[in-house]
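Multiple structures follow.
One chain, chain A, links the two complexes that follow: it is found with chain B in the first and with chain C in the second.
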Partner chain A sequence: MIEKGKISSFQMALIMYPTIEATALLTVPGITGTYAERDMWISPILGSINGFFTVFILYQLHKLYPKETIIQYSEHIVGRVLGKILGFIYLFFLLHIGSIILREYSTFVSVSFLQTTPPSVIIGGMVLVCAFAVRGGIEVLGRTANLFVPILFLLPIIAAILLLKDFDPKHMLPIMEHGMMPSVMGAAAPQAWFGETFLITMILPFLSDRDKGMKWSLILVVTIMVNFVITNLLAVFLFGGTASGYTFPLFTAIRYITISTFFEHLESVTIAIWITGIFIKISMFYYALVIGTSQWLKLSDYRPIVFPFGFLLTVLGCQWVAPNFEELNHFLVTIYPFYGSLLMTLIPALFLLIAVIRKKKRKKNFVKNM
Partner chain B sequence: MFRRKRIKKVDNQNSPQQQIAKQQVLSSVLNDNLQVLRSMYQDCFDVVFRTFLMGGETKAVLVYIEGLSNIRELDDHVLAPLMEETGGKVRSPQSILREKMHISKLKEVKTLTDCIENISIGNPVLLLDQEVSGLALGIAQWEKRSIEEPTAESLVRGPREGFVETLGVNTSMLRRKIKSPDLKMKSMKIGRYTSTNIVIAYIEGLADQTLIKEVEKRLQRIDIDSVLESGYIEELIEDNPRSPFPQLINTERPDTVASNLLEGRVAILVDGTPFVLIAPIGFFSLLQSPEDYYQRSLVSSTIRLMRMLFMWISLVLPALYVGVTTYHQEMVPTSLLISLAAARESVPFPAFVEALLMEITFEALREAGVRLPKQIGAAVSIVGALVIGQAAVSAGLVSAPMVIVVAITGIASFMMPHYTQGLALRLLRFPLILLAATLGLLGIMFGVMTIIVHLCTLRSFGLPYLTPIAPLQGRELKDTFFRAPWWMMNSRPHLTGKYNAHRQVLGEKPNPEKEP
Partner chain C sequence: MVVLLILYEWPKMGQHQKKEKTAFVTITAMGWLLAILLLFFPDLQGPTQMIEQLFKPLGKMLEKN
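For the complex of A and B:
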C-alpha cells in the first residue's frame, strides 16, 4: 500500500469535520438564505439526509473492498477501461474542487484583509503549507486535525454566546410561511457540502479500527448538521430574512461583537482560526488527489508528485477556475449541487448497486456449480 | 558515487595504536611486554613504569597513569607487602599475590588491549616475569567535582543534587533512588580515541523491549572518533536530525531521570558530562519541570497552563505585534491604538525593522551574559538595561511598546523549563516575524501551521512527538495540561509504560474520617 500510516476513525471524523465545514461556514448561509430566507435553519437538516446516504453508500463499498479507494475499486466494478476513465474523472473533479476551494479562500482573505496582495501569494503560501502536511501522510493530517479542530469546532458556538445580547428570536417567525418548498430549495447547497463526506473513501482503507468507521462517520454528519443549524440560526436571529444579502453572513455577524469596547473587531482572530480549518480542508482534497493519482497510475510512492500537483492547484486556483468571484458563486449556487452530487453520491450509489448485483450473481453461479 | 568512496576510505582509517594492540597476547618474557608498552606510551609524560623485585627475587613492573590511581593505596597495599623480603623461603609469585595484596577488585589481563584499557581508566597493571597474564588493580581514583546543585535546572522544592562528570557517581545516584534490581544498566564504549563509557539505563518490565533494542542498535551504529558530551550522542541517534526541536531530553537531575525511568523510558548516561539523555520524549514533557510533581497539584497545574501560554507568547508575540501594527490596526482598541501611534511616531524604522533590531540585540545580550566571566556579569546587565530600556526609547531608536514586547518575550522564553526547547522557540521567532511583516496574520498562521505540521511529523524513537494531544490519549491529559494529584496518577503513560500500566493501588485518596 502507498500510505503506510494508520489513523483512528475518531481522527478521520476530525479531518472530515473542517473538510465540510470550513467553506460551508463562509458561503452556505448566504446561498441557503437566497431561497429559504428565514427558514434557512431547516435546510441543513434536510441537506444532511444526503450526508447520511453518502456515508452509507461509501461505507458499504468499503466493506466490499476494504483495502481500496474508489479510484481502485471502480476498475473492479465497471471494468478496466471504464474504471480508469471514471477514475480520471474523479481525479479531475478533486483537482477542480480543490482549486475552487483555494479560490474561495483567497477571495475571502483578500476581501477581509489583504486587499492588494496578489492571489498567487495567498494561494501559493497555503498550498506550500498543505504540501508539507500531505507529504507527511494521513497520520500527520490526522494529528494536525486533532490539534486544530477543537478550536474550530467551538468557533460558531463562541460566536453565538458572544452575540447573545443582539439576538432577536422573533426574526425566525413565522416558520414555513411559504410551505416546505423554500427550505427544500435552500437545501440544495448544503446537501452538496454534505456530499463531501464522499472523501471518507480515501481514508477508510487506512483506519486502524475499521469497525468504528461507520459510527464516527454518522456522528460526523450529525455534528456538522447541528453546527450548520447553529450558524444559520445565528444569521437569522441577527439579520432575519436579509442574511442572503451578505456574502459571508457568519463573519459579518462576528464583526458585530463588541464587549465593553475592548473586546471588538474579532474578525481577524476568527479568520486566523478559520484558516486552520481551510488548511485541513485543502490538505484533505490535495491528499485525496495525490493518493488517488498515484493509485490510478500505480505508483510506488506518492511523495514525488506532491509538489507538482501543488503547482497545478495554485495555477488553477489563481486563474483558471473562474474569472471572478461572482461567477464562482454562480457556479456554486447553480452547477455545484448537481455536479457534486452526481460524482460524490450518485455514481458511488451506482457502483454499489452494480457491485451488489454482481456479488449475488456470483453467489448464484456458485450455488449452481455446486 | 564519489561520496561513497570517500566514506569507505574513512572507515578503514583506524588509530595506529589500536591496530598494533589488537588482540596481541602478553608474552611470558617481561622485557618484551615492557618494550611494547614503552613504545606505545612513548612521549607520554604521565605514564609511570615502576620496576621492582617481588619478594626479593621475581622481577615485576607496575604501569599506571599519574593522577588516575590512588597512590597511597598503591604504596601501602601493593608495593609495600610485595617488596617485603620473604626471608629465605621460596614461594611462588601466585601465593605471594594471593596472600599479600589487600585489594578487593582484581582482574586478570591477558591481552595488550586489556592492559591498555585498564591503564587508561586508572587501574594500575602489574606485570610479572615468567607470567603470561598481568593483574589490573581496581584502585582507580581521580579528582572529581563533588555533587552540587544543578545550576541549569534549579528548583525551590526538590532534591538539591545534580549529576557530575563521573559516570560511576551518576549511576550510583540513580541506584540510590531506584533500589530494585530491575533497574538495569548496560554499558558500552563509543569513540575511537576517547573510548567513552556509555550506560543505557532502564527498568526491566517497564520499558519496552523493542525500545531498548532500538536504542542499543542506534548507539552501536555510531563510529566516531570522540564523544566529549552527550550532545554528540544526541545528534547521532535522533529520528529527525534536521529539526530545530530536541527529540531527547537532557537533564542534570537524578530525580528527573528516575521519574522518567519509572514511566518506561530509557536513559543514556555518558561519561564526562553531567547531562543525561532521556528517550523517547514528547513535546509536552519538555514543558514540565520536576518541581510540578513536588508542589501541590493545583498550583502546579496553574503553572503548567501558564507555561503553555507563555510558550506561545515567546513564539509569536513579536510577530503578532509586527503583524497587528502593520496590517491589522483595526484589531487594537481605539484608545490603545492612539497611544501606540503616538509612541511610534518618532521612531524612524518600520515595526519589522524595529522588532528585528530589538530581538537580535536581546539575543546577543543573553548570549553575552551566558559566556561572560561572572565578575563582569554586572557590566552586561547595566549595558543591557541601557540598550533595551528607557535610554533606547528616549534616543528615539525604538518605541516603548516594542521594548515591552521584547521584554515579555524574553521572560516567556526564560520560563521554559528545558533550555533546548527554549532555544528552538527563540530560533523560530525570527522567521515568524518575517512572515508577519510580509503577510500579516495570514503569514503568522502560515508559519504556525508549518511549525505544527512539522511537530506532527516528528517522532522520538517511534513515539509521536505531540502525544498525548495528537494522537489524542484522553486519559493522559491529566499529566499534560494539568498535574493531577498523586492519588489520581494511577496509570503510566500509555505509549511508554503500557507493559506495567498501574503505578499504584487504586483509591489512595486520603480520607481520614472514614478510616476506622
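For the complex of A and C:
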C-alpha cells in the first residue's frame, strides 16, 4: 500500500468537515437564495439526503473492497480498460474541482483583503503550504484538522450569537409561500456540496477503526446539515429574501457586527479562521488527486508527484479554469450540481449495483458447482 | 520554477524508481507547457467551458429566467 499512515474515523470526520463546509460557507447561501429566497433554510435539509446516500454507497463499496480506493476498485468492477478510463475521468474531475476551489479562494481573498496582490502569489503560497501537508501524508492532514476544525466549527455559531440583536425572525415568514418547488430548486447546489463526502473513499482504506467509519460519516453529514441551516437562517434573519444579492452573504453579515463600537471589523478574524478551513479543503482534494494518480499509474510512492501537481494546480487555478469569477459562479450554479452528482454519487451507485450483482452471480455459480 | 522543482525532488528518487521518474517528468512537463501556452494565448478555452458544453441541456433546467 502506498500510504502508511493511519488515522481514526473521528479524524476522518474532522478532515471532511471543512472539505465540504469551507467553500459552502462562501457561496452556497447566495446560490440557494436565488431560488428559494426566504425558504432557503429548507434546502440544506433536502440536500443532505444526497449526502446520506453518497456515504451509504461508498461505505458499502468500501466493505466489498476494504483496502482499495475508487480508482482501484473501478478496475475490478467494470474491467481493466473501462476502469482506467473512469479513473482518468475521476482524476481530471479532482484536478478541475481543485483548481476551481483555488480560484474561489483567491478571488475571495483578493476581493476582501489583498486587492493589489496578483492571484498567482495568493494561489502559489497556498499550494506550497498544502503541498508540504500532502507530502506529510494522511496523518499530517488528520492532525492539522484536529487543530483547526474545532475553531472553524464554532464560526457560524459565534457569528449567530454576536448578530443576535440585529435579527428579525419575521423575515422568515411566510414559510413556503410558493410551495415546495423553490426550496427543491435551491437544494440543487447544497446537494452537490454534500456529494463531496465522496472523498471519504480516499480515506476509508487508511482508517485504524473501520467499523466506526459509517457512524462518523453519518454524524458528519448531520453536523454539516445543521451548520448549513444555521448559516442560511442567519442570512434570512438579517437580509430577508434579498440575501441572494450578495456573493458572499455570511461574510457580509459578519461585517455588520458592531457591539458597543468595541467589537468591529470582525471579518479579519473570521477570514483568518476560514483560511485554515480552506487549507484543509485544498489539501484534501490535492491529496486525493495525488494518491489517485499514483494508484492509477501503480506507482510505489506518491511523494515525487506532489510538487509537479502543485505546479499544475497553480497554473490551472490562476487562469485556465475560468476567465472571470462571474463565469465561474454561473458554472457552479447551473452545471456543477449535475457534473458533481453524476461523478460523485451516480457512478459510485452504478458501481455498487454491478458489484452486488456480480457477487450474487458468483455465489449462485458456487452453489451450482457444489 | 520548474528547475527548482526538479533540483529539489530528483536526488530523493532512488535509482530503481523508473516509473516515478517518468510520471514526475510528464506531469511537470504538462504544467510547464500549459503555463507557456497560457502566456501566449491567455484566452484559451479551459476545462470549465468544455464541461459546460457537455452539460448545457441539463444546466438549462436551473437557469433563472
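Quick note on the criterion: the second predicted complex is superposed on the first by the 370 of 370 C-alpha atoms of A that agree within 3 Å, B and C clash if a C-alpha of one lies under 4 Å from a C-alpha of the other, contacts with A are read in each partner's own complex, and residues count from 1 in each chain.
Basically, contacts are C-beta pairs under 8 Å (C-beta built on N, C-alpha and C of every residue); 3 or more make two chains touch, one makes a residue touch a chain.
None of these values were measured; they are calculated from a predicted model.
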- Could you tell me whether chain B and chain C fit or clash when both sit on chain A in the superposition? fit
- Contacts of A:Asp211 with chain B and chain C, given as first, second, both or neither: neither
- Query: How wide is the angle at the Cα centre of chain A, looking out to the Cα centres of chain B and chain C, in steps of 10 degrees?
  - Reply: 90
- May I ask you to decide whether A:Phe311 touches chain B, chain C, both, or neither, giving the answer as first, second, both or neither? second
- Task: Give one of first, second, both or neither to describe whether A:Val129 is in contact with chain B, with chain C, with both, or with none.
- Result: first
- Query: With the two structures laid over each other on chain A, which partner does A:Val140 touch: chain B (first), chain C (second), both, or neither?
  - Reply: first
- Shortest span in Å between Cα atoms of chain B and of chain C, once chain A is used as the common reference: 13
- Item | chain B residues touching chain A - in the complex, by the definition given at the top | 327-328, 330-331, 333-334, 439-446, 449-450, 452-454, 456-457, 464, 466, 469-472
- Message: Which stretch or stretches of chain C touch chain A in the complex?
- Response: 1-2, 5, 8-9, 12-13, 17, 19-21, 23-24, 27-28, 30-32, 34-35, 38, 42-44, 46-48, 51-52, 55-56, 58-60, 62-64
- Can you name the residues of chain A that touch chain B in the complex? 7-8, 10-11, 109, 113-114, 117, 121-122, 125-126, 128-129, 132-133, 136, 139-140, 142-144, 146-148, 261-262, 264-265, 268-269, 271-272, 275-276, 279
- Task: Would you pull the chain A residues touching chain C in the complex into a rising list?
- Result: 34-35, 92, 96, 100, 185, 188, 293-294, 297-301, 303-305, 307-309, 311-312, 314-316, 319-323, 327-328, 331, 333-335, 337-339
